[in-house]
Amino acid sequence: MLKALNLENINKSYGSIQALRDINLTISDGEFFSLLGPSGSGKTTCLKVIAGFEAPDEGSVVIFDQEVTNIPPFKRQVNTVFQDYALFPHMNVRQNVGYSLKVQKLKGPSIEKSIDEILEIVNLTGYDFRKPSELSGGQRQRVALARALVNKPKILLLDEPLGALDLKLREKMQIELKNIQRQFKITFIYVTHDQQEALSMSDRIAVFNDGKIEQVDTPANIYSKPINSFVADFIGTTSIFDKVSAMNLFNLDSAFSVRPENVLIFDKEKDLIGINKNEYFIANGTVIDCQFQGSHLKITFSTDANSKLSAFKSLEGNINQIYDVNSKHLIAWKRSDITILNE
Amino acid sequence: MLFKKGSINKLNQAGLGLRFGAIAGLLFLHIPLLLIILYAFTTEDKSYQFPPPGYTLKWFEVVLNRQDIWNAVGLSMRIAIISTFVAIILGTLAAGALYKKSFFGKSSITILIILPIALPGIITGISLRSTFGVMGIPFSTWTIIIGHATFCMVVVYNNVVARLRRTSPNLIQASMDLGANNLQTFFYVILPNMGTAILAGGMLAFALSFDEVIVTTFTAGQQTTLPIWMFSELIRPRQRPITNVVAVFIMFITFIPIVFASYMASKTSESEGSTK
Amino acid sequence: MNNFLDSFSNFAFRNKNFIFLSFLIIPLLWLGVVYLGSLLIFLGHSFFHLDGFTGQIVYEFSFKTLLELFSSPANIDILIRTVVLAACVTIGSAIIGFPIAYYMAKFTSPKVKIFLFIAIMLPLWSSYLVRVYSWKLILAKEGIINWFFEKLNLEWLLDSILSTPVIGGPSLSISYIGMFLVFTYIWLPFMILPIQASLERVPNSLINASHDLGANKRQTFYKVILPLALPGVIAGSIFTFSLTLGDYIIPYIIGTSKFFIGQAVYTHQGTAGNIPLAAAFSLVPILVMVIYIYCAKRMGAFDAL
């Protein structure tokens, strides 16, 4: 497969703060790739290095087999959708979208045609002569997208593009972005701190923490096979048992995590009859919180070894179920459902 | 229940005393300016009698035919335009260099920019005068311009820095990202965005230069700018009605740029406020 | 050509210091050499002195001139008079300016606010001389104030104000009270704007919280609004205080025959040709302001600028 981007041993620091540590990353052509991590984890700096706004202290950036480490942003066939959109406030929608064509000194009707086409794709036909200040947040977002796409870049970088939108609009734009990516068949590199967004849109995800990449994998693997406790904790809801409590409770010699949907809840000892005790971990739990979450309940238990554990209980059949705080239960999950964590 | 009807609304309304104080203050600021206009039409030419015994337009005609006043107006205009031009270049450059980067000595440079307007004009004036004297530079229009540009720079600087700080730094990155080199970015993005701020700063600089008297007094030699003419009339009033008309003229010529610049300033800060 | 521009752009993009320096160098040379150089040379003269017989400046380092400034009672009179007047003007403009600033910041619609903003900016930027002149018209014996008192049959009141020692005088236009009025009028906008800016930054929720916790309007004003507006008042007072200290035109046109610092500087450098003493006098407002600004900074006044 064609390599769209190759980062080799990228290091970058600002003064005493090391923003990127030994970043190695290869992204294939046409991938929807997410850089996921908490704020300050280095994902935006990584994006800036790819775009050319920041030069790495060490390492090389290769885009489609061309070494671009020292090439300025205006010479890279990479365009960016900025977090605050960075629309030129003095230009209308058409002028904003046509900017990259204008600075290349392109002339003739083909320019107008490309602008029309891209505006139609992002559903902004008819807004041509509005100023950014006269648009809603979602519309500004589309202008930023159209502006970055009109020049048909080889890679599109998106820096938390949906961060400023409300939940409903965000979900709608997620679908549209994915459609646009399929339509243009170009590589998207998407920076986000929202794990839900990364999981639902990406082909692959790189999880950033403290300037390092912790894990690169498909959403399914990131979710089900987190490589360490940071990834496990950051992606979705999970309960982590450290090495000590794992040893005390289950005589297991390493830390592990378990997803709440894999946890079963039993009221009494005799209810356990139906399961094969060799295949399960079983523990005592005391309810400390019970939240209604629509399709299910989220119940938080404290266990004997001072660990906390979350479990989902489907509300199918009986919507009015409730678990009283301080009531005691037995909790169990399959040995095969846990993820062993390397600290 | 214990509240009187409407007392909640009153918490968010200005009390009578406050309104009275605010209105009185505004009247205090503006009545003197209105009086100047009134006096331009008085028929009395020997004293400042109030209310004027009669009204006439003839002083405007007299001023129209006074070549010495027109010469002074022309000189003041020329000085104000050139000083503004120089101040725009210096102030914008300084703003571009200083708005973001922090480095050792930055606050000293900022103070240095503010100093010419913060120090009493007489100190700036005498300093420049003695330097011109020591260097053997003869007093001319250009010595006045050097003085004016020095204290007008800060006005442009302030306006441009304020705008730069409000502008998203991503705009410049976005422009480069979309393929524009430095020059294109400057002409297509930076300049149009800074344009109104530079214009507003320039207009204030013009108003400032046009009616400056103190620094001018020390850097002018034999030249008579309009404020210098006015100042000599203030010390020894010989042509009261003509002074009245000239005062109105100075007021109106600075009126337009000031209103424009303040409108721009308040307008941008308002629209910024509503989007964030 | 295009290639050159591109590679220049590339260079400039990678070498941000280059852009930065090329921007800074011209304004810095102008201010640092032309302005600051002149200023230091002039102020440096305060360490030289005038030869009493020849009337020539003796270019020898000494504290003679500074000693002369602080030992002659006449000079000390001038210094004290100026500082007291500047303090009075500052207090006066704070009292007159506060209600406008408060009203503007908290009780207006955006449209009215723009209007008021312009109404403050207009006198701030419009001709200083014209505004001083307007007070010559107002304070004159035959002017509007006398007319007003006459109409109300209150001439006795005006006369008794004018006959008060120190602040009075033969007429309003030749008295300290007249000077005080003109100075306050001229510098008032410099006081209003910083107060308004600092009040603007007091969130309304804070005022609501105070009401919510049981404070009435008066208590809220004194316990919440006034303390938070104080940095603005101090920032404004820097302007009113320093501008009054150095002015020589208003005392010249409105004042009595008694000198203020500005006039002393003017006279000593001009007719007397005593540049060292003029420089020494100039040092006083600068020193007073440095001390004042240092104290103000410690009270956080600069956040309101």
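Here are some notes:
Letters are used for the chains, namely A, B and C, taken in the order the chains are written, and counting of residues starts over at 1 for each.
As a working rule, a contact is a pair of C-beta atoms (placed from the backbone, for glycine too) under 8 Å apart; a residue touches a chain by one contact, two chains touch by 3 or more.
In this text the structure is predicted, and so the values were computed from the model without any measurement.
When every chain is reduced to the mean of its C-alpha atoms, the one closest to the centre of the whole protein set is B. The chain with its Cα centre farthest from the Cα centre of chain B is A. Centroid to centroid, with C-alpha atoms defining each point, chain A and chain B lie 52 Å apart. Between chain A and chain C the centroid-to-centroid distance comes to 56 Å (mean Cα coordinates, whole Å).
Measuring from the averaged C-alpha position of chain B to that of chain C gives a distance of 16 Å. Touching of two or more other chains is recorded for residues 176, 181 of chain B. Those residues of chain A in touch with two or more other chains are numbered 72-75. For chain C, the set of residues that touch two or more other chains comprises 6, 9, 13. Interface residues of chain B, counted against chain C in their complex, comprise 10-15, 18-22, 24-26, 28-30, 32-33, 35-36, 39, 47-51, 89-91, 93-94, 96-98, 101, 109, 112-113, 115-116, 118-124, 126-128, 130-131, 134, 146, 149-150, 153, 176, 181-183, 204, 207-208, 210-214, 227, 230-231, 234-235, 243, 247, 250-251, 254-255, 258-259, 261-263, 265-267, 270.
Looking at the complex, you find that chain C touches chain B at residues 5-6, 8-9, 12-13, 16, 20-21, 23-24, 26-28, 30-32, 34-39, 41-43, 45, 96-100, 102-104, 106-107, 110, 113-114, 116-123, 125-138, 140, 142-144, 146-147, 185, 188-189, 192, 211, 217, 242-243, 245-249, 252-253, 262, 265-266, 269, 275, 278, 282, 285-286, 289.
Residue ranges of chain A in contact with chain B, taken from their complex: 51-53, 72-75, 78-80, 82-84, 86, 88-90, 99-100, 102-104, 133, 147-148, 151.
Within the complex formed with chain A, the residues of chain B that make contact are 168, 170-171, 173-181, 184, 188-189, 192-193, 195, 271, 275.
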